[in-house]
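Per-chain residue numbering starts at 1, and chain names A, B, C and D are given in the order in which the chains are listed.
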Amino acid sequence: MSIFIDNTTTLLVQGITGRDGSFHAKQMMEYGTTVVGGVTPGKGGQKFEETVPIFNTVAQAVAATGANTSVIYVPPPFAADAMMEAAAAGIKLIVCITEGVPVLDMTKVYPYVKEMGARLLGPNCPGLITPGQSKVGIIPGRICAPGPVGVVSRSGTLTYEIVNLLTKAGIGQSTCVGIGGDPINGTNFIDALAAFEADPQTTVVAMMGEIGGTDEQEAAEFVRTKMSKPVVGFIAGQTAPPGRRMGHAGAIISGSAGTAAEKIEAFEKAGMGIAKRPMDFVELVKARL
Amino acid sequence: MNLHEYQAKEILRRHGVPIPDGDIATTPDAAEALAVKYGVPVMVKAQVHVGGRGKAGGVKYCATPAAAKEKATAILGMDIKGLTVLKVLVTVAEDIGSEAYVGIIVDRATKKPVFMVSAAGGIDIEEVAATTPEKIKYHPVDPRYGLRTFEAMEMGFFLYEDVKQARAAAKIMQQLYSAFIESGCSLAEINPLVVTPTGTVVAVDGKMVIDDNELDRLPAIEALRDESSEEASEVEARKANLTFIKLDGNVGCVVNGAGLAMATMDLVKYYGGDPANFLDIGGSSNPEKVVNALRIITADKNVKAILFNIFGGITRTDDVANGIVTATKANPLTVPIVIRLTGTNEEVAMKILTENGFSASSDMDEAVQKAVALATGAAA
Amino acid sequence: MSIFIDNTTTLLVQGITGRDGSFHAKQMMEYGTTVVGGVTPGKGGQKFEETVPIFNTVAQAVAATGANTSVIYVPPPFAADAMMEAAAAGIKLIVCITEGVPVLDMTKVYPYVKEMGARLLGPNCPGLITPGQSKVGIIPGRICAPGPVGVVSRSGTLTYEIVNLLTKAGIGQSTCVGIGGDPINGTNFIDALAAFEADPQTTVVAMMGEIGGTDEQEAAEFVRTKMSKPVVGFIAGQTAPPGRRMGHAGAIISGSAGTAAEKIEAFEKAGMGIAKRPMDFVELVKARL
Amino acid sequence: MNLHEYQAKEILRRHGVPIPDGDIATTPDAAEALAVKYGVPVMVKAQVHVGGRGKAGGVKYCATPAAAKEKATAILGMDIKGLTVLKVLVTVAEDIGSEAYVGIIVDRATKKPVFMVSAAGGIDIEEVAATTPEKIKYHPVDPRYGLRTFEAMEMGFFLYEDVKQARAAAKIMQQLYSAFIESGCSLAEINPLVVTPTGTVVAVDGKMVIDDNELDRLPAIEALRDESSEEASEVEARKANLTFIKLDGNVGCVVNGAGLAMATMDLVKYYGGDPANFLDIGGSSNPEKVVNALRIITADKNVKAILFNIFGGITRTDDVANGIVTATKANPLTVPIVIRLTGTNEEVAMKILTENGFSASSDMDEAVQKAVALATGAAA
């Protein structure tokens, strides 16, 4: 088992002929993901890597392939439209990798995707991977291994760091989910935690948060009140100054809200394991398996 | 990106918000001339991207043009929290009957633009929120419908009993909302929104923060950027497409990915060091970026050791290695460097570094400890 | 029994101090409708007719009175906002009398009211009346009498004509509903027919349509497939020229669509009684009681 | 309200739609001058609110300025379906590679603006809908989101295989949509949307119908009204706040309420008569309205009998009675009048009428039969 994606996932790649899209489409295909089509307006009728059909629109692609999932690698000005296009075409899981999507765009994308009954992951996220089954996005497949740990994170490379440590210590993952670093994203920690709680394969969850907002605090409350499975947490940005955007659009301490201290306090209150350093995850998770 | 008060007011004025006349001056004589042009009394207000200008003496009431010249002389060139005042806004001073607060932010929890309004204006809204939260009304706006009149009127009546004032405030809120949306703001506020003794509602101060992600499609807003009010190294980093924030520590950090960059800084602190900066070279691993990153970091004289922490996913670690070699050949380092590389093309990267006299590890924790030791040792 | 309103209806009047609002508020109070409040911005705190409290906003009025229904008499430029204000405040039945609401306004009001879970009647409608219990709108109370006939119509005075004929013939009504003459309205024939079908008091339905659109055709299909109760129908506008708006914004034959002939054909197909003249309703309804 | 082609094109042009240059001329010399100004070939197009201008000879291709003058001479003053041509549009004639249709209406079923697009353009879309419905794509727009790029592109690709043309069409559709919304349209269309032999996409004809309910808040659109192209009696009725439509029959009808007015007309027909008009005096029963209504109806020489049918709800029947008395005193009737009144203040109304020599009934059916008999008898 796993969450959100597995070997029944049939994937479209929006922006498949772009620099990032083509690179990662190949990587996903190599990993074994079922890539059923690509979308690039004006290249409809062509093939990607001589096998994957390209379409002008997502609607055409879905009609022809029956894809249930889409991953988006288009430049920021077009990303909001791409997400809504996928939702309008009936895609049920939309993963937006694009970084730099204006947050006001997301205030319209979010309710639309919801109205269409789709799940959005991202934007500005590394995607997700169910080791051994399917990879959607950019998480390096070779650092992952199948196993019992659900991983959910706001960060990309920090996640790789920790997944890498787990895998090297012989601890595999059920699904690794990057929810993204933007202030408004489609899937939050609670969505992923709820899915892991319901997933029989997952026995422990590792969660990497960062400064900004209250998503981690609400997640901690969810862990405290709704979860039976143990969760280990980490917060990046303890040394970040207030009022500055630390790379991620969402990683900003506003006034006195969204600090690492208050998030760690929430974790403590929820009885979660707390990793002070990335490497601490290995022992904390191992102790809870 | 922060706008100056005068820039925000100009945008609000274009959206119809009633704003007292005013203009910018860079010399005391110009300030005096503006006081004559608009008529005294005027306010002379320092234009710097920092809160607490008033307490620092950067905002002055002037009853005569001569006073405007005198106060402008004092304020221009003044240092406020490390920033030099290069411009003042000279603006008609309104008689103030009451002061309210009206602001909009993009709220993460509701995923919508949210209005905050309070009859307790003229002071920091965070202070009101902390001490008398009941004095603030929050109102999320559904961006699919915009701010409708009835919503604006509900807020207008929260601020004012008088229906004319409530209507005037409601109209201003709709104008503020349209300015907020069209300018790509993450925050827009009017503080104070003033009712004059004759009952007119005017915006006496204005603030706007632009979502950096909007700037590419809003060139007219991008053109308002005032680089003279930003940290020089951060301006340089932005031009090199690096995400960089200067801090006060001694360990210069070069990392790929924002989360890993923060975690690296935290680990530096954990082991007793102090990060000199946040620096994310991003996903694409162009050697040129590494060269620029090293130039910016080594320009900071506080930096006593440099730490690279690269987890190669999209980033090719051999590109990073090549960047290090190129940069240090052109400008030999005067401080020690610790390199941690793992992931994509790790073997090639290690070979490049070794051949050029660098050592590197693949363990983050070990590398951070080493960098801290070097920085601390060098500082001792 | 009845549909939509009865003696538990608690009513707000939006625009209660205006010319039309004040006149009809009095009429409704005289009829026995429970008018619990009025709304006029700037007159909050005053009283209407010395008894009905006036509020600045619908939200305040609902909070203070618990009203479940609202009727709107505000000028056309403000009507869309008034409908949305009522829906936002939790009103469950919104009746908009105002004529002349721009149709593009309605394209936004309609989905909003739906999202809020409210029912809208109108705009440009005479409202509704459940004889002997409650009247919301402008239908003259004295022409109605309680009884078994459900009446639903796109028109105002034409409805009065027919209700008057029925009452004079000793045939009372369960509820008379004017859905309004605009191209986009909140409640259509099918909504009312479905409610009448479910209402134990109603045994026959009288339905007055007119040219324009396909609402009557869809209603006929509903009658044919979903209704057990007999329905008698009438279509106004058999002599109307194509392409001209016959007073009601919705009463327009577009090209060859929306003619009286096609609507009457649909009624025939549904086995409905067809009134050729208004007076025919009396015999046709009587025969079905 | 219908706009002329040149008015619709001017609005579309402001929204960015590529439209061939052109301007309006009211004289042959002006038409010639415009042909010189814009360069030949040009089209000279009659500006009247009626379909089928081309078939009627109101649209001509002109290869030279002299030809433009000659064709303008022929078209100006021409009668097309009862309307006199007072203006021609002189516009650059585009080479036509292909013709498509793009239109938006407010759709009653989906309660949304709906696009209709078809690669079979240049002809009446109703004809396409009737004969080859598969050639039309319908696309409802959610007005809360507006027409998004992906939706416009789906329609663009329905029209054109070429991505540049699809993109150009998609952009034009977004511009058409914004013009549609901002001008308060119930219909807006471009027919044909032309691809020239060099691949450029341009709008060669444009049409807009404005929702009358929008006109109060859109004074700039209301100002485009061309009364010279409307029926004089309808212009007069509108100014008197009456809803009036002239027809060809002989029974003049004065009714309150649109549904009852239509039902009255139908009943006139049922009993063998022919209604001379649709006339709704509306809910408010100002006697002045009745006076105006009678003036307009009696000006129609076809009218052989006048029928009042009033069901007093809000309308006070005594007001109507007073209006009838006042109007007929000032201008005695030359045709018989049949009055049916019932409802509010019926007794008072009956008394007023009787005292002034009128009889009245309270039965609609009876009144209609009587009016028809009178009109038919008078016509015989």
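Criterion: a residue touches a chain if its C-beta (ideal position, glycine included) is under 8 Å from a C-beta of that chain, and two chains touch if they have at least 3 such contacts.
Just so it is clear, the structure is predicted and the values come from calculations on it, not from any experiment.
Touching chain A and chain D at once are the following chains: B. The most distant chain from chain A is D, comparing centres defined as mean Cα coordinates.
Each chain gets a centre from the mean of its Cα atoms; for chain B and chain D, those two points are 55 Å apart. A straight line joining the Cα centres of chain C and chain D is 28 Å long. Per-chain CA centroids place chain A at a distance of 50 Å from chain C. Multi-chain contact residues of chain C, defined as those touching 2 or more other chains: 108.
Taken residue by residue, chain D touches two or more other chains at 144-145, whereas all remaining positions touch fewer. On chain A, the positions that touch chain B within their shared complex are 20, 23, 76-77, 99-104, 106-108, 110-111, 126, 138-140, 143, 153-161, 164, 181, 183-184, 208, 210-215, 234, 236-241, 244-251, 255-256, 260, 276-279.
Of all residues in chain B, those touching chain A in their complex are 106, 108-109, 111-113, 126, 142-144, 181, 184-186, 211-214, 216-217, 243, 245, 247, 255-263, 265-270, 275, 278, 280, 283, 311, 313-315, 342-344, 364-365. Contact residues of chain A toward chain D in the complex are 41-42, 44, 56-60, 78, 81-82, 84-85, 88, 108, 112.
Within the complex, the chain D residues that touch chain B are 144-145.
Only residues 145, 148-151, 153-154, 157, 163-164, 166-167 of chain D touch chain A when the two sit together in their complex.
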